[in-house]
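Next come two complexes, and both contain chain A; in the first it sits with chain B, in the second with chain C.
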Partner chain A sequence: MATSGAKRASRAEIRVWRAVLLTSFLGLWEAATRWGWVDRFFVSQPTELAAQLGEWIWTGFIFRHLLVTMKETLIGFVLGTVLGVAIGFIFAHWETLAHVFDPLMVALNAMPRVVLAPLFILWFGLGLLSKVVMVISLVFFVVFFSTFTGLREVDRDLVNNARILGASPRHLIRHVLLPSALTWIFASLRTSVGFALIGAVVGEYLGSHEGMGYVISYAESMFNATGVLAGLIVLMAAVMVIDVALKRLDVRFSYWKPTRW
Partner chain B sequence: MAGPGRTGAIALERVTQRFPVPREDREFTAVQDVSLDVCAGEFVSIVGPSGCGKSTLLSLVAGLVPATSGRVTIDGQVVAGVNPRLGFVFQRDAIFPWKTVAQNVGLPLLFRGVNASSARPRVAEWIGRIGLTGFEHYHPYQLSGGMRKRVALAMTMVYEPEIVLMDEPFGALDVQTRNLMENDLLEIWAQLQRTVVFVTHDLEEAIALSDRIVVMTASPGRVKAVYPIDLPRPRSVTEIRFHPDFGRLYETIWKDLRDEVRVGYERSQKGLAG
Partner chain C sequence: MKTHSMRLLIVMLVAALVGPGSSTARAAEKVTVGVGGVALMVYLPTVLAKDKGFFADEGLDVEILDIKGGGAQAASALIGGSVDFSANAIDHAIKAKTQGKDLIAVQSHVRLPVMGLVVANRYKGVIKSLADLKGRPVGVTSPGSQTHMVLGYLLVKAGVQPTDVQIIGAGGNTMPLAIDKDSVHAGMMVDPFFTAFLRQGKGFALVDMFTSKGTLDAMGGEVQGTTLLTRPDVIAKRPETVQKMVNALVKANKLITSSSGEELARLVPKEISGDPKLYAESFEHAREAFPPDSLVSRDGVARVIETMRTFGVVPAGMKLEPESVYDNRFVLKALGR
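Let's turn to the complex of A and B:
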């Protein structure tokens, strides 16, 4: 029996609504292009997209490029995260250092990294390295700022209590600071995964001979709207899969929090 | 009662503590010229209006902050830095939300390098003493306020510190839970015979628990008066209130405290207006 007056839709209901929304969107799109309300050349067509995706999967063409993009994303993401957490810890521990570097960090973060991509390609070449650097430059700041904030928000009483209970600096990191900052770090990871993929794709888009960015860029140069959109759908699917994985990991580390659902 | 050769005696000698006021070019004097001796095994309460530096005194004894001037000694040794021989029960329960009841209670032993096999029975014993057997694997968010306070108490007691500092530990609890906890505390104290310094703004609580009561003045905090509480022990906090001397003590100390509370209140009102 419902305890509150407000009725909440069940999970099944929510799923049904999502499906309805998606099908009507695709249906409308298909109809609009089929009956000539909008030009198929510019917006493509769901059936055409499906055919393109099917062909990519059938021939295995897309997996090679997706794998390249994922490799760049993953390497950059892991390195950027490790670097962000590490520097976040160092700056939170040595406050003077944080004060000295504060303007630099803010300035670097304000710089539009996407515009830097051509420079990275110039410095690090057309291959993997320039994309990884690009991803790191995007992921690092997100993770760094949230780690730093997370560590500053740590309950002072908890830190003092741990010190009185006999915690060494290592104990303090392991049992107090890290668990308490993890909430913030995880929140930032889900944002930075999106950034990581953007970094890799933009890097590929601007200069590369493989990867999803290259596929999209190539389709664009052929005025092939279907190719561009199909590439985007593949990327979207990839991000959603990663997000689900991260959500699971977050739940795994948040066992001590009251569940909100 | 305190006997010779026992450890856990605290001495404050003309201790002053000032803090810089952020964004203002002045200092705030939290406590001024406080001298106080607490014997080993004694239960002393500190009462005073809010903002009189009661909590600051505890932080000084714990070594969390250094005194601006004067000195704090424990068994004759000057306090310099956090002292792991004492325990601190915070106003808000400073237990670790990502650890279970058993992990929380065992944490100080882990920090102190006690191996798991000898820690386990001690943890189990203390969880039993605070009446949380069966809740070992619960996380703090699943516990009531009173239960969390018990975990905090067990976490402090499990390593048997010589001195226990308590900063309004039961302030946030309802009256019934509070009385139960106070009785538990008295029982534990009677068994372990540790020094307790207990900060509260509740005079009744202070009288019911203590050997002596220190009344502080409104900010800057100074010692206004010290009262011995010669009520019989063992006490029950719910019943000791009906003792004929209880009312007399309450009246005497309250007269002292009342003026300070009024000064503190007027100042806080002015602060709000200004």
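Let's turn to the complex of A and C:
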């Protein structure tokens, strides 16, 4: 397909440029710490990070902790999403309910829930439960607000036309409302995964005996910048994997959309 | 008109020359000290030195920064340069050294670990020794803290692998709660929580390292605790400041070791002492921990390095001499030796 104006870079070219960006960044980092422009104590070094990550993977040390964090993240994420979608639907249907609860929802959302983490630990203990609750408290609001908005943004004409054609409420939900809202929901899911991870890690940071948050916290108390950064890299990788999975799901559920680019 | 403004000008000039000059001579030198939880008994010498004006007597205007996040954060602040000094366990200096950063202890606040391993009463008869902790959740103040290191050492000495025990960071002031709620079956407690907890009959002490004998039994000798830490560049560029800080602290320690619990409870600011009776009791229990001469103990430091080696914090191959993390020169000078 010919395009007018400037030529857009091909996918291969973009990949090459990404690689260049990454290598120059790593190279600069390594050089800066090797030649003393920046103190290695504070920012670590790519080679050291690679060594640390290698050791963690080789000994299997990191998998135990990653698994714990992922468990907390995913359980909380699923529960938070289900709750968010359900309540989003309920509020979208019963408008009065939405109006009554609106200030409360906004207030609760504005409150930094991360600050509540110590309270959650107090109420729910030092184990899995407090971390899951933490995750739910973060994910719920993101999903709720986008479900709610997504449902309200549904094209009214579409709804009316469907009704004229004899669609029952069940049909409406399944064939018009849900697919339409799903775009919004999926967009929010990818944001909320990040939040879910934050919730789990912060919870572990404040009181736990295993998990990535624990590993990072321990490294921090040992003044081990390498450990902290390596832990963060592992978390980044985990989130990226989840994000790819979500992208695939998004494509699958958006089959009805007219154009894709 | 002209003479009037001339006179004004002369007065202003004189004031400008004389004024700031004389006020600088009287102005105190600003110093920042980081502590990780100002109410903890281990920081008493610093708190008392400020409260009783010992720092001011030396011409120092000391600001104590109570840093959330405990000792590790205070030490981080010192390394990063946010504070000039920190009252910290010597452990942090050793940890920093393993990462290639130097921190030097110039005065000793306490020479015992001043912590105890407390077990919840519901496990009385069930948990009788360290070995019984296998497979149970045990609390430390935070991962990598001194309580964590000491617990690890105690476990290894008792033949238990630290990985056989679920070591959880449960906080300092939240430890009693964690034990109450059975989130942990036992925990490393510091004062004043230790004394309060035991007094309330909620638990019993498996290991008591507030006394010399307790520490000797558990750890085999003196264990250097909280000290005044600073960076080598501070020592090099402002040695007089360091000397003054130490002078004030030596005075504070002398006052502490010659006072009774009740006297101290009255001397210490209200926000820190809390319940005076409890404070007095905690102090009497931990009295031996405060060194009258403020000298950092080489044996004590060596033992800490040993514990950290056992726990793997100091790598097996790394040479780490006690002398590299402390300097008693300033204390000796303050004592007139």
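Here is the rule we use: the second predicted complex is superposed on the first by the 255 of 261 C-alpha atoms of A that agree within 3 Å, B and C clash if a C-alpha of one lies under 4 Å from a C-alpha of the other, contacts with A are read in each partner's own complex, and residues count from 1 in each chain.
Definition applied: contacts are C-beta pairs under 8 Å (C-beta built on N, C-alpha and C of every residue); 3 or more make two chains touch, one makes a residue touch a chain.
Note that the structure is a prediction, hence the values are computed from the model and not measured.
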item	value
Joint occupancy of chain A by chain B and chain C, clash or fit	fit
Partner chain(s) touched by A:41 [first = chain B, second = chain C, both, neither]	second
Following superposition on chain A: angle at chain A, chain B versus chain C, Cα, nearest 10°	150
First, second, both or neither for A:207, with chain B first and chain C second	second
Touched partner set for A:179, first chain B, second chain C, both or neither	first
First, second, both or neither for A:122, with chain B first and chain C second	second
First (chain B), second (chain C), both or neither touched by A:220	second
Contacts of A:194 with chain B and chain C, given as first, second, both or neither	neither
Chain B versus chain C - smallest C-alpha distance in the overlay, whole Å	51
Chain B residues touching chain A - in the complex, by the definition given at the top	62, 64, 82-84, 86-88, 90, 92, 94-99, 107-108, 110-112, 139-142, 155-156, 159
Residue ranges of chain A touching chain C (in the complex, touch as defined)	40-42, 118, 122, 125-127, 206-210, 214, 217-225
Residue ranges of chain C in contact with chain A within the complex	72, 75-76, 79-80, 92, 95-96, 98-101, 137, 142-145, 166-171, 174, 177-178, 181, 183-184, 313
Sites on chain A touched by chain B in the complex	155, 157-158, 160-168, 171, 175-176, 179-180, 255-258
